[in-house]
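Quick one: the structure is below, and I'll ask about it shortly.
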Amino acid sequence: MLEYLFFFTAPTWFSSLPILKDYIDPMVLDYLVWPLVQIGLLLFVVLTLVAYLTLAERKISAWIQVRIGPNRVGPEGLLQPLADGIKLLLKEDLIPLKADREVFIIAPIIAMVAALVALAVIPWGAAWATISNIDIGLLFILAVSSLGVLGIILGGWASNSKYSLLGALRSAAQMVSYEVAMGLALIGALMFTKTLALQDMVITQERLHIWNILFQPLGFLIYLISGIAETNRAPFDLPEAESELVAGYHTEYSGFRFSLFFIAEYANMLIVSAIAVTVFLGGWYLPGLSYLFTPGSTFFVLASIGVFGLKTLALLYLFFWIRWSLPRYRYDQLMELSWKWMIPAALANIMLTATFLVLGQELALIVSQNNMLEISTLGYVFLISTAFIVTVPLTWIMLGQINKNSRDFNLREVQPLPMNRTINK
Amino acid sequence: MTEITDITHPEIDTNEMILNMGPQHPSTHGVLRVALKLDGEVVTDLDCDIGYLHRGVEKICEHRNYQMIAPYFDRTDYIAAVSNGLCYVETIEKALALEIPLRAQYLRVILTELNRLSSHLLWLATHALDIGAVTVFLWAFREREELLKIFENFFGARLTCHAFRIGGMTYDAYDGFQAEVKDFCDRFPKRLEEYETLLNTNRIWLSRTVGIGIISADAAIDIGLTGPPLRGSGVEWDIRKAHPYECYADLEFDIPYGENGDTYDRYLVRMEEMRQSRRIILQALEKLPDGPIMAPKAPKVVKPSIGEYYHSIESPKGELGIYLVSDGSTQPTRLRIRPPSFINLQALRQMSIGHLVADVVAIIGTLDIVLGEIDR
Amino acid sequence: MAEEDNKPQEINPIAKSASETPVKKLPRRAAGAMPVVEIKDDLLIKALQEKFGKTILSANEINSQQVLQIEKAALATVLLYLRDNATPAFNMLTDLTAVHFPDQPDQPFEMVYQLYSIAAKRRLRIKTRLAENETIQTVTSIWGTANWLEREVYDLFGIRFDEHPDLRRILLPTGWVGHPLRKEYKLEYQDNAWVEENLQIRALPTEGDFTGKFE
């Protein structure tokens, strides 16, 4: 039973630490002490990272907007997250008089916990750098992260404020719709990896020497868009659209409870990009990494963590970039985008990917045995070229046909304004 | 400020929600309160509640000398203080039948157009912010800052600019004014292009503005819209062309106008107006003559003859008019301000019904209202 | 609250105190009047005079701006005619306001309508006189603009409009006593009772007269 939960035993450098080796039973060490150390380390790193993501976001947005950004606390403003955290902690704990007290208190905790639990199954690096590699890793993450919306709904409802309620309603609709597109977008990639365990997905990509994004460009795109919507980031930040709903579902929250929502949002961003990296961008796998370090060695694991981190941060930067460049969608347009564009595209992607996989097998370019794919060189060319040349344009044409009557598709082109050319003399 | 629940019928339908937007709300552009009657998120009715900023400017004007009144106008539409000041001094000058020296006229035009630029930039910034494009907000403020620096050098104030006197100008252009303005005008088109790259063909921007808040030309005239909202509906009417004041008749510029009367057309109209303003400024700088800046006959004690006068100018928001009734004393009997924002805001209800909450925000932004002027 | 607003109330609660302390004006010298010329050869005005006869009391050009003085009873019909049938048609109501002349006690109020024809680029000012407590026909049905403008006139002058769809105060809060743009309303007057009741601010000490101290 325990072995299913904790796939990897403690690395030798840990279990051979003198204090641990002498006093603790190796079984306890492997299954209790090591995971606890991992969890502690991960929480510390992730929460610090989340704090610094806020600083990064502020600095990046400042750079985009020709400003300076925070630069007062510490050198170059590096202690700003600390100051923000202390400020939020020291704030008065406000609960509106007419709020539903218990639900109001529990909502941010749900949001936060749902975000943090998902961290457990993400393969942050090779070998021991993951807490648990359960067989249904991807499903687990989808299931847990969709619990986060409960926190938002409850928080919005319990605040007893109209703005919060509207924000919560919007977010419920939004998250439910985009979860569908998100799940469907991942299926294409699963056909290549043939497993749901996240660590195994990375290992498969390493074995095939390829990143899934080359097989699944469309899937990646849909996943990314749905992921941004899932985390309530601009241009899909409707639940907290400040120009309409003041602050949406967390209008009435302040101090530490607000910061829980805030941390949950950034942690969700981290998870969405981490999954994108794992499923589509090869996770910690980088071609040539195994030549530099011996696979399985401590340095290799550390390097793989670095690779994973860099990829994730690159995606996070994309999140920031999009947020500070684009205006916000309207509520109905957002739903339209999901149901009329994302979901049909994801379905088409599944159909076309499956078709080409079967076709490849018929042409003997791909061999599927022992629940694993073996792809010949020509098979790579076949799969990648069909993905880019057939799947993407075909889906685009199909979507155009589906949506040819929708308003969004028929926005008029920009034309120069008519002007009077009479010269008033 | 009345009970909002009984706009049309007193009983509240259980299926509808009354949402109070404002007076403290990020995107009502000041202390405007809008009570929205919502069916889901669709606006079925709305009522504007204004007056939170009412200072009784018209009443105060009746108790001040004509020279003392002028600064009050910087504070009605504080975004376009120069235009307001121009409207006031022109009205009094026309009532006095004063001729203004040419140099003062050109300087006034340059400053008013610079003010139009800064007002439109603020509109662009807040309008984009309302729709969620935060970066445009700060980019537009970058240019506005340069303009405000010019104003500060000229007037000694950044916001409540005040340099026009009845009969001309108080200050002549400072050294380097022309160079600074020219420099700004040279840089400006590139900056405009930057905004347009972010917005003009952006699908999200298009889907948020095209077809939103449509008002036909007839409806716009009926509800009294003026300025860019009227031109966005396709009515080619601009007071600078229709009834040229100052030296506008000598300057060459075009009036942009839209076709569809939606938010996007109004956006295009204002963007084009900024280009035209720049054109006017450059021409005026070139033609700027030497000479006095005050009319030699300008009276020390301003006492218009008994009678009345209505004069209006094209302020960035629309037709800003002043109706003066004088009894021949040093104080006006009645000084009525025709506030463009007030009358434009009235169209909000008609334009928003049937749209979503998010569109109401966009429509408030596109009407470009200033509460200081609405409430006076 | 709308009900309370609609019932006829005493329009000038502070008029009494005002009559005891008459409004002082700065000493003035005799001033000339702006040039007033009677309009003679204007097709539009001629047509109007033919159609409406004596209800058009005068047609002058004051300071080269055309002004028509009209009898109150004929106002709505004249305005409707000007919008629909006149050449040029005045399709826009630029402004609507009132002026208070307390020194003409029989008809102290003057309603002013600024009309504009976009096609002909022509302005026309229509004026009519009102007695105290007299109501006037609304023009909301002729121009949509008039809605808020008439509300403003009602708010600031206390002039009531018959058949106005939504006659409430617009700038001042409901329940405010008095109409500020009337001449007898003092410049520094503040409704202490209202402020205390609605804003919970004890604005001014109760003893001593702090209202209108600069008058």
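Just so it is clear, A, B and C label the chains in written order, and each chain counts residues from 1 on its own.
The definition used in the following text is that contacts are C-beta pairs under 8 Å (C-beta built on N, C-alpha and C of every residue); 3 or more make two chains touch, one makes a residue touch a chain.
The shown structure was predicted, so the numbers you read here are calculated from the model rather than taken from an experiment.
Colleague: Considering only chains that satisfy the touch condition with subunit A, which of them also satisfy it with subunit B?
Modeller: Intersection of subunit A and subunit B contact lists gives nothing.
Colleague: By CA centroid distance, what chain is farthest from subunit A?
Modeller: Chain C.
Colleague: Please list the single chain whose C-alpha centre lies closest to the global protein C-alpha centre.
Modeller: B
Colleague: CA centre of subunit A versus CA centre of subunit B: separation in Å?
Modeller: Chain centres of subunit A and subunit B, defined by C-alpha means, are spaced 45 Å apart.
Colleague: Nearest whole angstrom, what separates the Cα centre of subunit A from the Cα centre of subunit C?
Modeller: 63
Colleague: Averaging only over C-alpha atoms, locate the centres of subunit B and subunit C and give their separation in whole Å.
Modeller: Centre-to-centre distance between subunit B and subunit C: 25 Å.
Colleague: Pull out every residue in subunit C that's touching 2 or more other chains.
Modeller: Residues of subunit C never touch two or more of the other chains.
Colleague: Going by the contact rule already set, what residues in subunit B reach two or more other chains?
Modeller: Subunit B, residues with two or more chain partners: not present.
Colleague: Can you check the complex and tell me which residues of subunit B touch subunit A?
Modeller: 17, 19-20, 25-27, 41, 128-135, 137-139, 142, 198-208, 210-211, 236, 241, 244, 248-252, 254-259, 265, 268-269, 272, 356-359, 361
Colleague: So in the complex, the part of subunit A that touches subunit B is made up of which residues?
Modeller: 61, 64-67, 162-163, 166, 234-235, 237-238, 241-246, 324-333, 407-408, 411-412, 414, 417-421, 423-425
Colleague: Applying the document's contact rule, which stretches of subunit B touch subunit C when the two form their complex?
Modeller: It is residues 1-3, 6, 50-51, 54, 56, 58-60, 62-63, 94-95, 219, 221-224, 235, 237, 242-243, 303-310, 312, 319, 321, 323, 325-326, 328-331, 333-334, 336, 338, 342-343, 346, 350, 375-376 of subunit B that touch subunit C.
Colleague: Report the residues of subunit C in contact with subunit B in the complex, numbered from low to high.
Modeller: For this pair, the touching residues of subunit C are 1-2, 5, 25-26, 28-34, 36, 62-63, 65, 67, 91-95, 97, 99-101, 112, 114, 118, 121, 123, 125, 143-145, 147-149, 152, 156, 168-174, 180-181, 183, 185, 187.
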